[in-house]
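What follows is a pair of complexes built around chain A, which joins chain B in one and chain C in the other.
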Partner chain A sequence: MTKLPRISKSTLHRRAFPYLMCLPAVILFTLFVILPFVEGCRVSFFKWDGFSNMKWVGLKNYANVMHDDVFWLAMKNTFVYAILVTVMKNVIALALAYVLARKFPLRTLFRTGIYMPVTLSYVVIGALWTWIYNPTFGLLNALLKALGLEHLIVGWLSDSRVALYSVVAVDVWKWIGYHMVLYLAGLQAISQDLYEAAALDGANGWQKFVNITIPQLNSTIVVNVLMSLTGAFASNFDIVNILTGGGPMHATEVSLTYIMTTAFKYNSMGKANAMSMILFLLVFLFGFAQLRIMSREDAYE
Partner chain B sequence: MKIRRTLSILLAVALLCSLLAGCGSGGGGEKNATGDKPNRIVIIGSAYALEEEQKAWDEVCSAFTAETGIEVVQNRQGTWDDIPQKLQASKLGQEQIDLVVVGMGTITASLGPAGSVMDLTQLMAGLTDRFPDGVLDSCSIDGHLWCFPYSDASGTTCFYNKTMFQQYDLTVPTNLQEWANCAKVLSDNGIIPFMVQGKDTWAWAMPFFDTYGQATGGQSVEKVQAWLRGEQSFADPQVYAAFDGLKALYDNGILTSESFDTDETGMLANFAQGKCAMFFCGTWDYGVLKSMELDFDYGAFEFPVVIDGAQMCHAFATGDGAISIPSWVDQDNLDNIMRFVEYLTRTENAKKILCASSGGSPLFEIVKGATGEVDEVTRFLNEVSVPHSVEYLDWVWPSKVNDAMCNVIPSVISGKMTSQEAADYVQQALDTMVSEDDYVYDWWNSWSDEQWQAVTPGHIPDVTAFFAK
Partner chain C sequence: MEHRIKKKLPQAVWFLIVLVFFLLTVYPVIWMFCGSLKGPNEFYTNVWGLPTDPQWQNFADVWKNGAMGEKFCNSLIVTLGSLLLLIPINSCAAYAIGRLRFRGRRLIYGFLLMGIMIPSGVLGIPTFTVALRMGLNNTHLGLILIYVGQSIAMGVFIMRSFFISLPKELEEAAMIDGCTPFGSFLRVILPLASPGVMTQIIFNGLTIWNEYFMANIMLTKAEKLTLPLSIANFVGQHTTNYPVLFAALTIVTLPVVITYVLAQKGFIEGVSAGAVKG
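Then we have the complex of A and B:
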C-alpha cells in the first residue's frame, strides 16, 4: 500500500495561512451579503407584511411584479439613470483629469474643489440641491434670470420631462471628483515615451488621445465604468428619495425607491423581495456583459 | 516571520470580533449583572419640530425617572412616514420599543391591519376621563382604541399676510371668483398669490380633502368608506368636481407653478419674506409660524368654496401625533409602560409637552386642562373652522391609494391628466390592492381569534395605583 506523503506542520501552516487571513472577510461577506440574499430569495415566495406570519404564495409575487407597470417604469428609469450617469461621469471626469494633469496655477485648488462633493453625504447634497433647484430662492433660476435665459426655467424637480435629468446632474456632480482622481492616476502612469514616439510619427493631439491615451487607460476605464454602473444601480436610493421621492408621477421612480416603498409603506415584503431578485438578475447580466465586452487582455506596449 | 504571522492572525480575529460585536439581539432583552431586566422604556417617533418640544419631553422624562427609577430612552428621528419602516426593522432586529409616537392615519392605513399595534381599550380604561369627550373617537375603530392622542389636534387651513392685504386693499376671499380677483392684484405686483408645499408629495391630498368635502356636502368620509368596501366606484361626478376644483386654482392664477417645487420650509420662507401672500397648510404649521419673527400681521382663513353651490368643508382630527404600543412589546414591561402613560397624561405634564409642541399653546384641548393662551387664530379654528370639518381621508384609505392620490393631483392641476383619468388611476390602485394583497377595508371584521390575541395585552396593569399621591 502506498503511503501518503507526510506534510510537515510548517507546510500546513504555510498553506492554511492565506485562507485564515481571508476568513474574517469571507465570514462577514457570508453574514451580511450571502445570507440576506438567500433569505430575500426565500421571502419572495411568501406573502408577508413584515409583522404577521408568512404565507406561502409560490410565484404569485413574481407574477404581480410582471404586471406592475410602476415597477417596469422604475426599471426603465433605473437603466436610463445608470447609463446617463455612467457616460457623463466618465466623460467629464476624464476630460477634467486630462486638463488637471497639466501644471498650471491653482491646479491643486481646482482638484480639491472638484473632489469636495465626494466627501459630502447624500442628505447634505439633497438639502443643498433642493434649495438650488428652488423656484423662488434657487441659485439656478437666479443665474438663468441674470443671463437673460428665463425661458429655460422649468420645474426642475416637478416637471416629469426634466426631473430625472435634474437628479442625474446632482449624482454626476457629486461623483466626478472621485472618478477624476482615478483617471488622473491612470494618466500619470502612461509612459511619455509613447507620446514622444507618436509625435515623431506626426500624430496630432486627437490621434494621440485616441490611439495612446484611451488604450493605455483601458483598465482604468473598465474599473470606472463598472463602479459607475454598479453605483448607479445600487446607490441611487438616497439621492432620489431626498430630491423627489420618486415623483412627479413616478417620473424619477427608480427600482430601489419603489422596492423600499413596496416593502415598508405598502407592507408587501414578499413582492419587494421578488422585485429585488429581478433587479439583481438584470444588474448581474448587465455587469457581466459590460465586463466581457470591455475587458481585454491585449498588451499595448 | 512567525511573530508577524501570529500578530496578523490576532489582528484579524480582533477585527472580526469587533465587527460582530454590534450583532446582538438588541437592547431589549439584555440583563444586568444581577440577572434582572433593566428598568427601561424606549419611545420612538419622528424628529421634534421645535426645540422647546424636545426640552419639554426631556424634562418630563427626567422627572419620571427621578420619581420612579425607570429610565426613558427617546429615539426621535426622521419623519412621520418613516415610522412603519422603523417598527418593522425594530421587530426584525428584536429591539426594545415600548411606545411609538404615530399618527392615527398611519395606524389605520398600515399598522392596524398588520396587527402591529396593541389594542389599548382595556389598558387605557382607567385614564379615559383625562381626555375631553370625543377626543378619543378619532383613535378608535369599531370600539377598539388603538392609540391615544398626545399632540395638538390638527386640521387644514390657510394663512394670509394681513399687512399685505391692507396694503393692496384686499379682503379675505370666500369663493373662487373673489380668490381669483385677489390673486390677480397680487400677481400684478410680483407676489405669489397662494402656495401649497407641492414638493412634499404627501401634502397634495390635503387640499383635495377640502374640495371633496365641498363636493359631497361634508359626506366625504362616508363616500370613501363605501368605495373602499366596494359598494361604489371612485370614478364619480363628485370626485371629478373635487379634482376640477383644484385645477381651477391653477387655471385662475391662484396657485402657480412655484408650488410644485416648493417644500414646507420653502413655503414658510416665501411667506415670511413677503414673497407669497397666502398659503395652505396643516394647523401644525401655526406653531412654526408663531416662532418666526415676522414683520407683518397675519391671520387664518378658510379654504374658499371652489365648487358651485357647495359649503366650506375642511379636514380635522385628533390623534395626529398619537401614542401607541407595539403589539410585540415585552409584556413584562407593561407595568412600566402604563406607569409612564399615566405620568404623561397628568394635566401638568401634558400641558408642558402639548404647549411646547404647539409653539406656546395648543389650538385644541386634547388632555383636560392642557390648554394655553387663546389667540385670534385659536379662536378662529375652534369656532369657525372645526364646525365645518370632517376627518382626514388619508386616515380612512390605505397608503397605496393615498400615494396614487398624491401623484395624480399635481398632474390634474397642471393639466397633464384629466379628472376622469385621475379617478381611474386611483380606482386601479385599489383594485390592485384587492387582487394582490386581498385588501379588505373593514379588516377588524375579518380577523381571527389568533390575530386578536396577538394585539391584546397579556395583563392589564392597574393604572390607578400609579396616580400621584
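Then we have the complex of A and C:
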C-alpha cells in the first residue's frame, strides 16, 4: 500500500525530468530573445518616442525608412563595408592558412600572434586605432614619414573619402586570425592522397590549390563568408561608433549606428525598430544558410 | 642547384609576407603595452620604442582616479554572473535534447536554434524596451539575463554535439548503480563533456568581458558601467592623457591576453566553436 504512490511519483518525475531540464533555457530564451524580437516587430508599426503613449501608424515607419536618404546611404555603406571586409578577410586568411598549414619556420609563433586581435575588445581596438590613425602623432603617419611617403598622409578617419576604408582595415585586422584558424581546420581535414595523386599527374602548386584545395574547402569557405557577412551587417556598431561615430558627414554611417541614432538621439523608436526588422530580414537569409550547413555536417556524424 | 633556388625563393617570399602580417597584428598591441608605461612627454617623443623610465604610476592613476577599479569589478560581476547561470542552463537543456527521449524534443531544439538566426544587433533596441518594462535597465542582473538568453542557442548547439558523441550505455550503467536521472547527468555525463563546458566558458567569457553594444544600451549610470563602456567614454573625452588611456586599455586586455597565451589551444578551439562544431 505504501509503495504504490511512491512508484507513480517517481514515474512522474521521470516523465517531467526532460522538460524540467529544458525549462530554464526555454524561459530565458523566450524572455530575452523571442519576446524582444516580437516586441520589435510590434513597435515597428507604432509611432513612439520610448516614453509616452504609443500610436498605431501601420506601415508608415517603413515608408519613412524608405524615403530616408541617410538610411539608404547607411545601407550603401554597409554593403560596401560587408563586401570589402568579406573578400579581404577570406582571401588573406585563406592564403595565410594555406602557407601555415604546412611546415613553415616559426609557424606556431605566427599563428598565435596573428590570432591575438580576435581576443581583444572592439573598444580597445577602436581606441588603439584612433591613436594609430591620429593625424599629428599617430603611428601610421609616423611610419609613412619614416618611409619618405609623406604625400600619402590623409586624415584617415576625418576625410570622408577614406574614412570607410580605414574602418574596414581595422575590422579585417581584428578578424583575420579567426578565419585563418577556421581555414586551417578545414585544410587539415583534406586527405593528403589527393595531393599525391595530383603530383603524380604533374600538377603544380597553383593547380593543386585551384583543383583540390578550393573544392575540398567548399563548406568551410561558405561558413566563413556567411560569418563575415552576418558580422558586417549586424554587428558593425562597436567599431564604427568608437572610430568615427558614423561621421564625417555620414561617410561611415552603417546599419546599426543609424539605428542607434534614430532610437536614442531622435527618440523615434518605431522607425528604429522598423529598420531593425529590415536588417533582420537581410541577415536572416545568411543565418538560415549557415544553420543548414552546420546541421548538415552534424547529421553526417 | 638552380632547381633548389627556384624552390626556396617562393618560400622566402612567403616567409616575408607572413612576417609582415605578424608584425602588423602584434606590434600595435605591444605598442599599447609600452605606451601605458611612458610618461606624457615620452609618449610623443619616443613613439616607437620601449619606455625608458616605466611609469607604473599610470596604472595607479587610472585604477583610482579613473575609477577603473570599480569598473573592473563590474565587468567581473557581469561576466562571472553570466557564466554561472548560462553553463548549467545550457548544459541541462542540451543534455535533455541530446540524450533523453521525450515528446516535443525536436520542437524545443528547433525553437532554441532560432536564436542563431537572430543576431544581437537586431535585438538591441527592442531588448532595451522589454528590459525597461521589467525594470531591469541600469542593473547588472538585467545585463546578465540578456547575455544568458542570447547565449542559449549557440550554447545548446555546442553542448549537444558533445553529449551525443558519448556512448549510449552510460546512463543505463549509472542507473544500475542507483543514480537518479539527474544524478547520472551530473556525476557521469557532465564530467565527460567537460571540454564542452570549457568551450562555453571561453567563448562566452570572452564575448561578455569584451561586450559593448548591449551594455551601452542597458547601462548609463556611471557606477554601473563595465570596462569597455568606461573606456569608450574615456576615448570620447577630448582632453585625454594618452599614457593613462593606454593603461586603461591594458587593464581590459591583460587578463584576456594572459589567459590566451597560457591556454592557447583551448582558447582558439573555444572561440572557433561557433563555426566548427566542438
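The criterion applied here is as follows: the second predicted complex is superposed on the first by the 252 of 301 C-alpha atoms of A that agree within 3 Å, B and C clash if a C-alpha of one lies under 4 Å from a C-alpha of the other, contacts with A are read in each partner's own complex, and residues count from 1 in each chain.
The working rule: a residue touches a chain if its C-beta (ideal position, glycine included) is under 8 Å from a C-beta of that chain, and two chains touch if they have at least 3 such contacts.
Not measured: the values here are computed from a predicted model.
In the superposition on chain A, A:I242 makes contact with chain C only, not with chain B.
The partner that reaches more residues of chain A, of the two candidates chain B and chain C, is C.
Of the two partner chains, chain C is the only one touched by A:T112; chain B is not. Of the two partner chains placed by superposition, A:Y258 touches none, neither chain B nor chain C. Once the two complexes are overlaid on the shared chain, A:F17 sits against chain B and chain C alike.
Of the two partner chains placed by superposition, chain B and chain C are both touched by A:F137.
Look at A:L28: by the touch rule set out above, it reaches both chain B and chain C.
Touch criterion met: A:V99 reaches chain C, while chain B stays clear of it. Within the superposed three-chain model, A:Y178 lies in touch with chain C and out of touch with chain B [touch as defined at top]. Once chain A of one complex is fitted onto chain A of the other, the partner contacts of A:G50 extend to both chain B and chain C.
Overlap of the chain B and chain C interfaces on chain A comprises residues 13, 17, 21, 24, 28, 31, 50, 130-131, 137, 260, 263.
Across the complex, chain A is touched by residues 14-15, 17-19, 21-22, 24-26, 28-29, 31-32, 44, 47-48, 88-90, 92-93, 95-97, 100, 102, 104-105, 108, 111-130, 145-146, 148-150, 152-153, 156-157, 161, 164-165, 181-182, 185, 206, 209-213, 217, 227-229, 231-232, 234-235, 242, 245, 249, 252-253, 256-257, 260-261, 264, 267-268, 271-272, 274-277 of chain C.
Per the touch definition, chain B reaches chain A in the complex via residues 5, 8-9, 12-13, 15-16, 19-20, 23, 81, 84-85, 87-88, 91-92, 110, 114-116, 192, 198-199, 201, 257-258, 260-263, 266, 269-270, 275, 327-328, 399-400, 403, 407-408, 410-411, 416, 432, 436-437, 451, 454. Residue ranges of chain A in contact with chain B, taken from their complex: 13, 17, 20-21, 23-24, 27-28, 31, 47, 49-52, 64, 68, 130-131, 133-137, 155-160, 245, 247-250, 260-261, 263-268, 271.
Of all the residues in chain A, the ones that touch chain C in their complex are 13-15, 17-19, 21-22, 24-26, 28-29, 31-37, 39-40, 43, 50, 92, 96, 99-100, 104-105, 109-110, 112-124, 126-132, 137, 139, 142, 173, 176-178, 181-182, 185, 223-224, 227, 230, 233-238, 241-242, 255-256, 259-260, 263, 269, 272-273, 276-277, 279-280, 283-284, 287-288, 290-291, 294, 297-298, 301.
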